[in-house]
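Common to both upcoming complexes is chain A, partnered first by chain B, then by chain C.
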Partner chain A sequence: MVEQAPAWAAVVLLAVLLALSLTGAWADAVLVSGRRQLAAPFQEGARLLVQQRRATPGSDGLLSRVGGASLLVVASLMVAVVPWGGWTLLDSGVGVVWFNAMELVLWGALWCAGWGANGAFALVAGHRWTAQVLSSQLPLMFSLICPALAAGSLRVADIEAAQDGLWFVAIMPVAFATMLGGVLAFAVWGPFSSPVGRDLQGGVLSESSGVDRLVVGVGRYALLAAGAAVAVPLFLGGGSGPVLPPLVWSVLKTVAVLVALVATRRRFALLRPERFAELAFVVVIPLVLLQVLVVAVHVLGRS
Partner chain B sequence: MRDVLFFLLAPLAVLSGFLVFRVSSMARATFSLAVSFVCIGAVMLLLGLDYLGVMTVLMMVMEMAVMAVFMIMYMMNPAGLMPMSMYHNKAGAMTLAVGSFVVLASGALLVDWPERTGSPPGDVTLQLGEGIMGSKMLVMLTISPVLFTTIVAALVLAAARGRYDRLGDDLDQPADDPVPGGVGR
Partner chain C sequence: MGVTSWLSALAAGRPHLLVVEVPGQAALRRTLERLVRERGWVLATGPADADVLVVCGVPSAAFGEAVESAWDAMAVPRARLELTGDVASGPLLDHAVQQLADRLAQRRDHATRDTAAGPEQPSTGTDQPVESPDAGGMDHSGMTEDVPAMDHAAMGHDAPPEDEAGADMAEMDHAAMGHDMGGMSMELPGGLSMADRAPDRDGLMLDVLHLRLGPLLRSWPAGLVLDVVLQGDVAQAATCSTVDAQPGGPGQGRQADAAVARLDSAARLLDLAGWEAAADSARRLRDRIEVDGSTPATTTDLARLTARVRRSLSLRFALRDLGVLTARRAGELGITGPAARADGDARERLLQWLDEACDARAPEPDPARCAAAVVAALPELVVGLELAGLRLVVASFDPDVACLLERDHVSTGQGPSVG
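Entry: the complex of A and B
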C-alpha cells in the first residue's frame, strides 16, 4: 500500500512536474515543430524572460495574472494525489474528486486570464473557453467515474492496486480515450486549442507577454504532464510492470502518455467549440455513459 | 497546524465574501465570492469532511465561472469592462448580509454545545453515500426527474430555434442552421 510522503517531498514533486513539463516541451520541439534542438524550450523561455511586459490600458492585472499562474498551481495540486512507487504526497480518500475539482478551477482561471487582459480578442477567447470546457469536461467527469466504480474507491492508490493483473484500460477504453481528450482540452492543446487560436490572434494569450506568457506556457505543459500522471494510476496500472521498480514504471508510463498527448498538436484538425458542443453532447456523453454501464455490469458480475 | 490554517482560512472567507460589496468590477466580485467558497471548502477539509469539502470547491468554482459569463452577457456595456457594481440597494443588502453573519456567528459562539457522545465513523465518504443513497433514495429518485424536467422545460422555453424551425412543420425539410453542428444532422 502507499505511504504518506513527508512534507519536503512537495519540493521534489514540483521538480518532477517541471522536469516532465520540460520533457513535454522537448517532445513538442522534436515531434511537432520540427526544430530538432534540445535547447529550443530554453531559448523560448529566455526570450520571454527578457521581453518587455506590456499591458493594455485598463487591464485587470490581478485577475489575468492570477488566472495565468493558476495553471501551474492546479497542475501541482493534481500530481499531489498521484502515487509514485508506494509514496504519495496527499493520500486523500477522495483523490479522484480532488483531481476533478482542481480541473474545474481552470474554468475560472482561463476565463479570468482572457477577461483581465481588456482586449476584444482575449475576451471573446475567454468566453470561447467557457463554452468549450463545458462540452469537453462533462465527458471527462463521467469517464473518471469508471475506474472509481471498478475499484470501489475514490482513492487513487486503491484504484492503482485494484488493477493487479488487468489494467483498467482493457475494460474501459472509451473512458480512457475520453479522459485523454479532457486532458488535452483543459491544457488547451491540439484539437482543443481554439481558445488560444490564431483566428483570435492568440486568443486568451493575445495580450499576454514576457514572464506572464512564460508562466502560462509552462503551465500548459505542466497540465498535460499532470493529466498524464493521473491517467497512469487510473487506467494504465500505475507502477505495475515487470523487472523495473514501480517508481520507474510510473514515470515511464507518464512520459509515454505525455508524449502522445503533446504529439496531437498539428496532427488533428482544430475542433470549433460550436461544432464540438453537439459532438460532445450527442455522441461522446452517451458513449461514456454506456461505458459506465459496462463497468457497472462488470463489477456486478464479479461480485 | 490545523489551528493556524483555520485562522488563516476563516477570516479570508469572511473578508473575500465582504469584498463582493467593495470591488467595482463584476469579474472581481464573482471571483472574490469564489475565493470565499474555496476557503469554506478548505475549512470543511480541516473538519475531516473530505468529500464535502472538495465537492464545495468543485461546484462553486464551476458555478462562478458560468455565472460570470451570464452576468457579463446581461450587462449594459457588452464587454463588461467598465467599473460597475453588481448589487442593488447597497445599504439594505449590506445590513442583511452583515446582520445575518453576526447573528449566526454569535449563535455558534454563545450556544452551550453539548459534549460529544459518539465518535465519527471510519469512512465519512462511505457514510455520506449510504446516507444519501440508502434510506433517502426515494427522495433522490423523486427530485432528479423533477429537476431534469425543469431544465428541459426551461431550455425549450428559452431556445430561439426549436426542431420545427430547423426541419419545417412536418420535420421533413433539410435542416437550415446558421451554424452547422458537429454531427451533421
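Entry: the complex of A and C
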C-alpha cells in the first residue's frame, strides 16, 4: 500500500525538509517575540552568510566542519523512511532501525565538531554531548521498540497502517513522550541544549562563525523536523484523518509536533548532563521498559 | 556585489552584541541590555557569536588586553562601540550597527586582518583607523591592532602578558587532552605545546588545563577573573583575582537600588541556567523598576515571578545542592547579605534575591567587605565542580567587585589585589 517513490523525489524531500526547518525557525521567532520577528530567520541566515569563517590555531577544520554538516545529512536520511501519503523514498523493511542508526551517527558528529574546534569550551562541550547522548538515546531506543512491537514490523509504513482506528499514542503515551524527549536531545534543543550552552560561550559552537555556524543551526532545525516527521507515522497515525488527503494530514501533524518541540526552548532550565544521567537511568528507562511490557501484554491479549 | 550588499543590510537588522561591563558600569550595561531587547537584537554568547563589541566604561590596561583579544576573535563584519561616558543612547548603538552594513569599511577590515594574520608578523598591526572616531566617544572602526583572526586568547585560556609564569602554564594545550605523547614540550600546530599531567583526585594521571574564566564572559560578575586548573571539566584548583576600570576614568555609575541589583543578579543566574523566559521576565521587571521606580504593578509582577521560579521543577533540578553555603559557614567566612541569609544552595540564594527584591530592607552594612569575603571564598566554593556548576555557583553569589575595588581605591589609592 506504500509505493517506492522515484529517485528524483529525493530532491523534493530535501526541499520539504528545508521548508519544515524554516517553519521551525519561524515558530521559534514568533514564540519568542511575536509577529514582528518574522524576518528573524532570514536576518540570521544573511548575517551568517556574510560573516567571515574563523578558526583557532591548530584546529582540525575538516573534522569540525564534517561534524557540523552531518546534522543536515542525518536529518535528510531520517526523513527518507517516512511515508508521505502513500509514497516513501526508502521503503525499508527495517525503517525503525534505520532511523535509530542515523541518530547514532550524531553521537560522533557533534563530538567531532567540538574536538576539531580546538578550544577549551568546545572540547568540554563535545564531551558534555557524549555524556548527555548516552542518557537520552537509550530511552529513545526503547521507546522506538513499542510501536514496532505493537505493529509486528520494523517497516514504518506497516506501523502506520497498524494504527487503523487507534493511534499508538493512546496505548503508549510514555513511549511517545520519551521519543519526543529523545528528538529534543539529538537536536540539542531546549532543556537538552547544554552542549551549545551559554555557560560555555556556545559550547561546540564557541569557535565557529559564518557559514559553519549556519550549517549547524539549519541542521538542528532539520533534526527537529525529521524527528517530528518520524514520530507522526510511529505514534500519531501517520496520514490518517477525516476529509483531507493523507499527505496533508501527515504534513499538518508533522508541523504541529515540530512547533511543540520548538516551543520547549526558553521554558526550562537546562538539564545538566551529569544530573540528567541519574534521572534517565533511574526513572526514565524503567518507565519506558514498563511501557514496553504494557505494549507486549496488549499485543498478547489481542492475538 | 548587489546580493552581498542586500544580505549585509538584511543582516544588520538583527545584530548580535557582545556587551562588556567594566566594574562600576552596571547601570550602563543594564541600559544597553534594555536597548538591545527593545530593538529585537540579540546578546551574543561569546566573541565568535558577536557582530558588535560594546564596552561600557574605560577598562584598565589588563582588562583592555582581554577586550582586545575578544575584538581580535570576532569575525568580520564587525563593529565596536566604546561608551566612555555614563550614557548609552539608542542613536549611538544604531550608528555602530550601521557600520556592519558598510561593505567598504568591512572589506578593508578583512584585508588588513589577512595581511597581519601570519605568525611571522606579530602584533605590529596597522595603527590606522578606517574612519576617525566620532565625537560621541565612539570608536566603531577600532582597528588599532589586528592580530590573527584565528585568535586563541578568546578561548579564555590566555594568561595576562604581565604574568610570565602564568603564560607558561597557559601555553599548555588543551587539544592534547586524551593524547599521551610522552613529552610536554612538543610543538603542535599554532605554536602551542602539549598539556601537562598531574594526578587527579583519584590518583590517576590526567591532563591538566589552565583556563582563565573572565573577565569577558556572559552573565559573569564584572571585573572578576578566576584562574582554574581543570582536569577533564572538573576544577581541581582555582585562584581569584580582579581587573579594574581605568584609574581616573569616568566615575562609577549611579548606584542602583537594592531591588534592581538583586533582580539583575537573579536574571543573570537564570540566563546562565538556560531558563531564558524567566531571565527575560526578570530583566524586564528590573528595567521597569529602574526607569519608573517601584509601583504596585511591579510588586505584583515580582511576586508572580518569584512564585514561578519557586515552582519550577527544572530549575530545582539544575540548581539543588549546588554550592551549598550554610549560614554558619558564611559567618566564618565573613560573608553577609542575601547569600548568608539564604543559608543553602544556589537555588536558595536565587529565591532570597527575589524575596528581598520584594520587600524594602535596610541597606547592607558593609557591601565591600562582603564582596571581598565572597571573592576570597570563591576558590574554596568552586573546587571540585565541573564547569557548568562552577559558572552557576559564581553567578549565584554575583560578588559586587566594583564595590570592592572602590573601597581599595579609597584605602590604598592604587590598584587592588585579592588573593
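Here is the rule we use: the second predicted complex is superposed on the first by the 299 of 303 C-alpha atoms of A that agree within 3 Å, B and C clash if a C-alpha of one lies under 4 Å from a C-alpha of the other, contacts with A are read in each partner's own complex, and residues count from 1 in each chain.
One rule holds for everything that comes next: a residue touches a chain if its C-beta (ideal position, glycine included) is under 8 Å from a C-beta of that chain, and two chains touch if they have at least 3 such contacts.
What you see is a predicted model, and the numbers here were worked out from it, not measured in a lab.
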item: Contacts of A:L279 with chain B and chain C, given as first, second, both or neither; value: both
item: First (chain B), second (chain C), both or neither touched by A:R36; value: second
item: Which of chain B and chain C A:S240 touches, first, second, both or neither; value: neither
item: Chain B versus chain C as contact partner of A:A269, first or second or both or neither; value: second
item: Contact breadth on chain A, by residue count: chain C or chain B; value: C
item: Touched partner set for A:L123, first chain B, second chain C, both or neither; value: both
item: Touched partner set for A:C112, first chain B, second chain C, both or neither; value: first
item: Chain B versus chain C as contact partner of A:S92, first or second or both or neither; value: first
item: Touched partner set for A:S208, first chain B, second chain C, both or neither; value: second
item: Doubly contacted chain A residues - partners chain C and chain B; value: 58, 118, 120, 123, 127, 271-272, 274-275, 279
item: Residue numbers on chain C that touch chain A, as the complex places them; value: 4, 7-8, 10-11, 13-16, 40, 45-49, 51, 73, 75-77, 110, 148-152, 155-157, 173-175, 177, 188-192, 209, 211, 217-219, 230, 232-233, 270-277, 280, 312, 314-315, 317-319, 386-389, 391-392
item: Touch list for chain A against partner chain B, complex; value: 58, 60, 62-63, 92-94, 97-98, 100-101, 104-105, 107-108, 111-112, 115-116, 118, 120, 123, 127, 130, 134, 154, 271-272, 274-279, 282-283
item: Complex contact set, residues of chain A against chain C; value: 33, 36-37, 39-40, 42-44, 46-47, 49-59, 118-121, 123-124, 127-128, 191, 193-194, 197-202, 205-210, 213, 265-272, 274-275, 279
item: Residues of chain B defined as touching chain A within the complex; value: 25, 27-28, 31, 34, 50-51, 54-55, 57-58, 61-62, 64-66, 68-69, 72, 79-81, 123, 125, 179-183, 185
